[in-house]
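Going by the order they are written in, the chains are A, B, C and D; count residues from 1 in each one.
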Amino acid sequence: MRIGFLGVGGMSTPMINNLLTDGHQVSIWNRTAAKCEALSDSGAVVVQTPAEACERSGIVMSCLAGDPSVDAVLSDGAVVDKLGEGGIHVAMSTVSAQCTTTHLEAHKNRGVTLIAAPIVGRPDAVAARMQSYLIAGDRDAKAKVTPILDALGAKVFDFGDEPATASIAKIAFNFLIASAIESMAEAFTVIEKSGIDKQSFYELVTGTAFGCRIYEGYGKLIHERTFDSPLFSLALGLKDVSLAQEAMHQAGVAAPFAQLLVDRYSQAVDDGLGETDWTGITETVRKESGL
Amino acid sequence: MRIGFLGVGGMSTPMINNLLTDGHQVSIWNRTAAKCEALSDSGAVVVQTPAEACERSGIVMSCLAGDPSVDAVLSDGAVVDKLGEGGIHVAMSTVSAQCTTTHLEAHKNRGVTLIAAPIVGRPDAVAARMQSYLIAGDRDAKAKVTPILDALGAKVFDFGDEPATASIAKIAFNFLIASAIESMAEAFTVIEKSGIDKQSFYELVTGTAFGCRIYEGYGKLIHERTFDSPLFSLALGLKDVSLAQEAMHQAGVAAPFAQLLVDRYSQAVDDGLGETDWTGITETVRKESGL
Amino acid sequence: MRIGFLGVGGMSTPMINNLLTDGHQVSIWNRTAAKCEALSDSGAVVVQTPAEACERSGIVMSCLAGDPSVDAVLSDGAVVDKLGEGGIHVAMSTVSAQCTTTHLEAHKNRGVTLIAAPIVGRPDAVAARMQSYLIAGDRDAKAKVTPILDALGAKVFDFGDEPATASIAKIAFNFLIASAIESMAEAFTVIEKSGIDKQSFYELVTGTAFGCRIYEGYGKLIHERTFDSPLFSLALGLKDVSLAQEAMHQAGVAAPFAQLLVDRYSQAVDDGLGETDWTGITETVRKESGL
Amino acid sequence: MRIGFLGVGGMSTPMINNLLTDGHQVSIWNRTAAKCEALSDSGAVVVQTPAEACERSGIVMSCLAGDPSVDAVLSDGAVVDKLGEGGIHVAMSTVSAQCTTTHLEAHKNRGVTLIAAPIVGRPDAVAARMQSYLIAGDRDAKAKVTPILDALGAKVFDFGDEPATASIAKIAFNFLIASAIESMAEAFTVIEKSGIDKQSFYELVTGTAFGCRIYEGYGKLIHERTFDSPLFSLALGLKDVSLAQEAMHQAGVAAPFAQLLVDRYSQAVDDGLGETDWTGITETVRKESGL
């Protein structure tokens, strides 16, 4: 199948590689073209504008950094114009419900179906096809897209007909991760300051009631303080906890954890931690605790 | 083996039953004797005072509600007097480091070894011998006690020679649970208010990166709002988040989540939710969100 | 809602209790009426024949021991006659595809919809509403039944329109469990005979790549050899591995593990182990290894 | 710290990289020197013989393919001669108990301590420091080595004082994996031949009682039949199930699954599948089932 792909970064590079391995023809576009080089060597066709990655009634996937990037790519209407009647846009970015809803309207006007399909998993999981997708949108379009996503990743979770629901569910999911990270940062710091072996605490946590990827993977980064090879940066973490707070606000939910996380990630970015892994929030806890 | 057991409640009843099944002779004491009746029918010997449950150089286990209950049982010195030289006290209660350290001194003065062995797991896990123990204290006494605990539960995690470390580690562990609960309460409420299927969100969370007991078990209670058969009450939750905040304070850790949890659980208890399951904090989130 | 329930045993008793808690009116039938007593006290209506538990165009659930029990209940046609046009039969038993297909025909002839909904989970999970369901059958009937099952348990997995597919998938699932049990029985026996601490091996297995319910729960029974309180008997295990071998045979699959499991469970039942837990197959391995 | 490392392959390359990142000076040796090049660029010192990687009273780690490779490296005695009194050899290879015991004797004669420390985890886990170690041997040497292994990976499981016990426990662990793979191969084949959606079955298995790395990771390879990028080859799988059968035989354990696995992996290697991933045994099941 011919597939267009907008946005070439840490998450999309291994995905595009796997699409190529699966025998698809992939046209890729990225704002900074240099990131496309390795994929070009692997057989992807590099194009100069988002619209060139699309073809009439075809499928284009997008995986971009957030609302502003999505707006920048879609706002001139060239992508949906090119896709036209019967085209499908699979939007994998983690964005606000408003962003999804706004663009949905523009898609409908041109007969293009917008499927929201945000991703759960980090680049290493994507490379191993172990990421999952939330998916929401028109039923027939989902039926076309699901087999491709099933092949690319581990599982596809269906959130119904309304694309914005997948955006909100993804934001709520990432909020759970950010909360788990903050709680571990605080817990491991009290363990450290009390002179208790952090490794033993890690084994207790992951060997009993928290034996899952978030606590095993992020817990290890936190207790060993290895924040320099971010798979997900603290700056992106700030974007996501801000999206969570905004979603809570829009829905009228009183959410003190969400509010608190925005304050903390803002502070951490101000302190120059934006390019560490988002578990680097641990250093904020440690610093405030006199370590 | 002859074993004394102080405190007969939701956690200790199945533990004592399993000790009897394993062929031990168990003398039990509880402040309110009525709770001992079923165990008496199963072969436990009911005694009238904590000291009567002990014998010279023997082993006594205690599983009590918190610092005040432990103080009440130990403060007159009768238990350690009776145990005497070579006696071992296995203290399973979740208590503050201060509580553990204070009583440690009194034990040492009489030649009694205090082993802290707080429990990870709820009554249903204890019945199925799937709970775990943190253990800390004198090496030789741990070597005697570990086989009994290994038989009673799933795993024993060693936290070294200092009993108070097990107390702090247990408190930090429960703080992780309380944080996970609060974050799920907020997340499921935004899902609900946004008109998204809560069951789908639950399946996403537990089917991907949070596939562990805390999120599976408590997540189900939260999304189905079944808080009336508490396996761990919100009032006990308040005790534990307060212990966490106190431990953070003692160690000089700036811990905003811990602080916030104390506020919320206090409010919830004031609102009359003390006897619901601690996942009942969800109702506080919902109420504050206009549901 | 009024619901009929056919078969009152270890799995169905807690399910019926939860249906009553959820506010449903439940009419129950069991071959041996004595098992209905406790549920009668809880508000269930006990009836004398399977057909009496049904009402016109209503819903009846069945949870029976296997093909012969299902045949015995359905063969005279009274149940489907009573349900009639628009009735739904939710069949939760683990049975062969043939059994499901045969009865499907008889249901269709009377306008009754047969939904296969076998259960994943043991009685303790059912009591805590943590079991899952495979579900297959007519789409509209599934839409009616799914909310009830979602409330009763943790997750519902949809296997499409053909009831027999859920039967086969359930059989394949139980075959995975039986294989895991046999492999653990062999592994723990070589650990034991080599003089290695079984508890350490259990912690290694469940603390790394096998951190899931089957290895945690059954692994504990196997390494501690506590087989006397069966949550699933070895005799039922023999039924299920026989169903697996039959399914493999029907599908033309060469399945040496499945074949071998039938031999072993047959031998174990002949050796008088039928009423132990199915992890009791460990005693067969131990005996053959001179222990 | 200065560390020698013998054997540079899929598992050891990321481990050595992480040792370099941790600030250790590492001298590496491999039978085919070409594999050392990238590590040389990263700062490792490449030496020409195993003994040159060692220094008096120092630490050398070895990670080799199996008994013959270990014998080849150790048999001339140069390594233990060079390490001498106080030296420590951390042997990470999965080898037979006999291999470990034989070399233990030679080590002791020169005052060198042999620590068996086989690894649980695949290259991608090792790169992310998520592998675990079984460790057995002299207590003081373990105390020196454990902090290094804790930093390199996730957990260290102590199997006591006798190095061969770690070898046997590792073999039993890999036997559990091979059994899980064979059972999934058979189960997914009956699902496929019965015309049932394999993806749905995968989601059922990993979303309920088998939510752990073995079933999630290998299950995905099996149901998608992607065997061409082996993280662990079928030929190595044959080595490991043969070690399991040998361990069972030595201990006098009647182990029909272990016996059967040797037959199947032998057949698969004869059929030319040796260089696929060991989940490629699925193709043997499929072929014998007429697919």
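The rule we apply is simple: contacts are C-beta pairs under 8 Å (C-beta built on N, C-alpha and C of every residue); 3 or more make two chains touch, one makes a residue touch a chain.
Bear in mind the structure is a predicted one, so any value in this text is a computation, not a measurement.
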Between B-D and C-D, more C-beta pairs in contact link C-D
Interface copy of B-C among A-D, A-B or A-C, with over half of contact pairs matching by residue number, is A-D
Between chain C and chain D, the Cα-mean centres are separated in Å by 37
Taking each chain's mean CA coordinate, chain B and chain D are separated, in whole Å, by 39
Distance between the CA centroids of chain A and chain D (whole Å) is 34
Multi-chain contacts in chain A, i.e. residues touching at least two other chains, fall at 154-155, 203, 206-207, 211
Interface with chain C, chain B side, in the complex: residues 124, 128-130, 150-151, 154-155, 199, 202-203, 206-207, 216-217, 220, 224, 226
Chain A contacts chain C in the complex at 203, 206-207, 211
As the complex stands, chain A meets chain B at residues 97, 120-121, 132, 134, 154-155, 157-160, 165, 168-169, 172-173, 175-177, 179-180, 182-184, 186-187, 189-191, 193-197, 200-201, 203-205, 207-215, 244, 247-248, 251-258, 260, 264, 285, 288-290
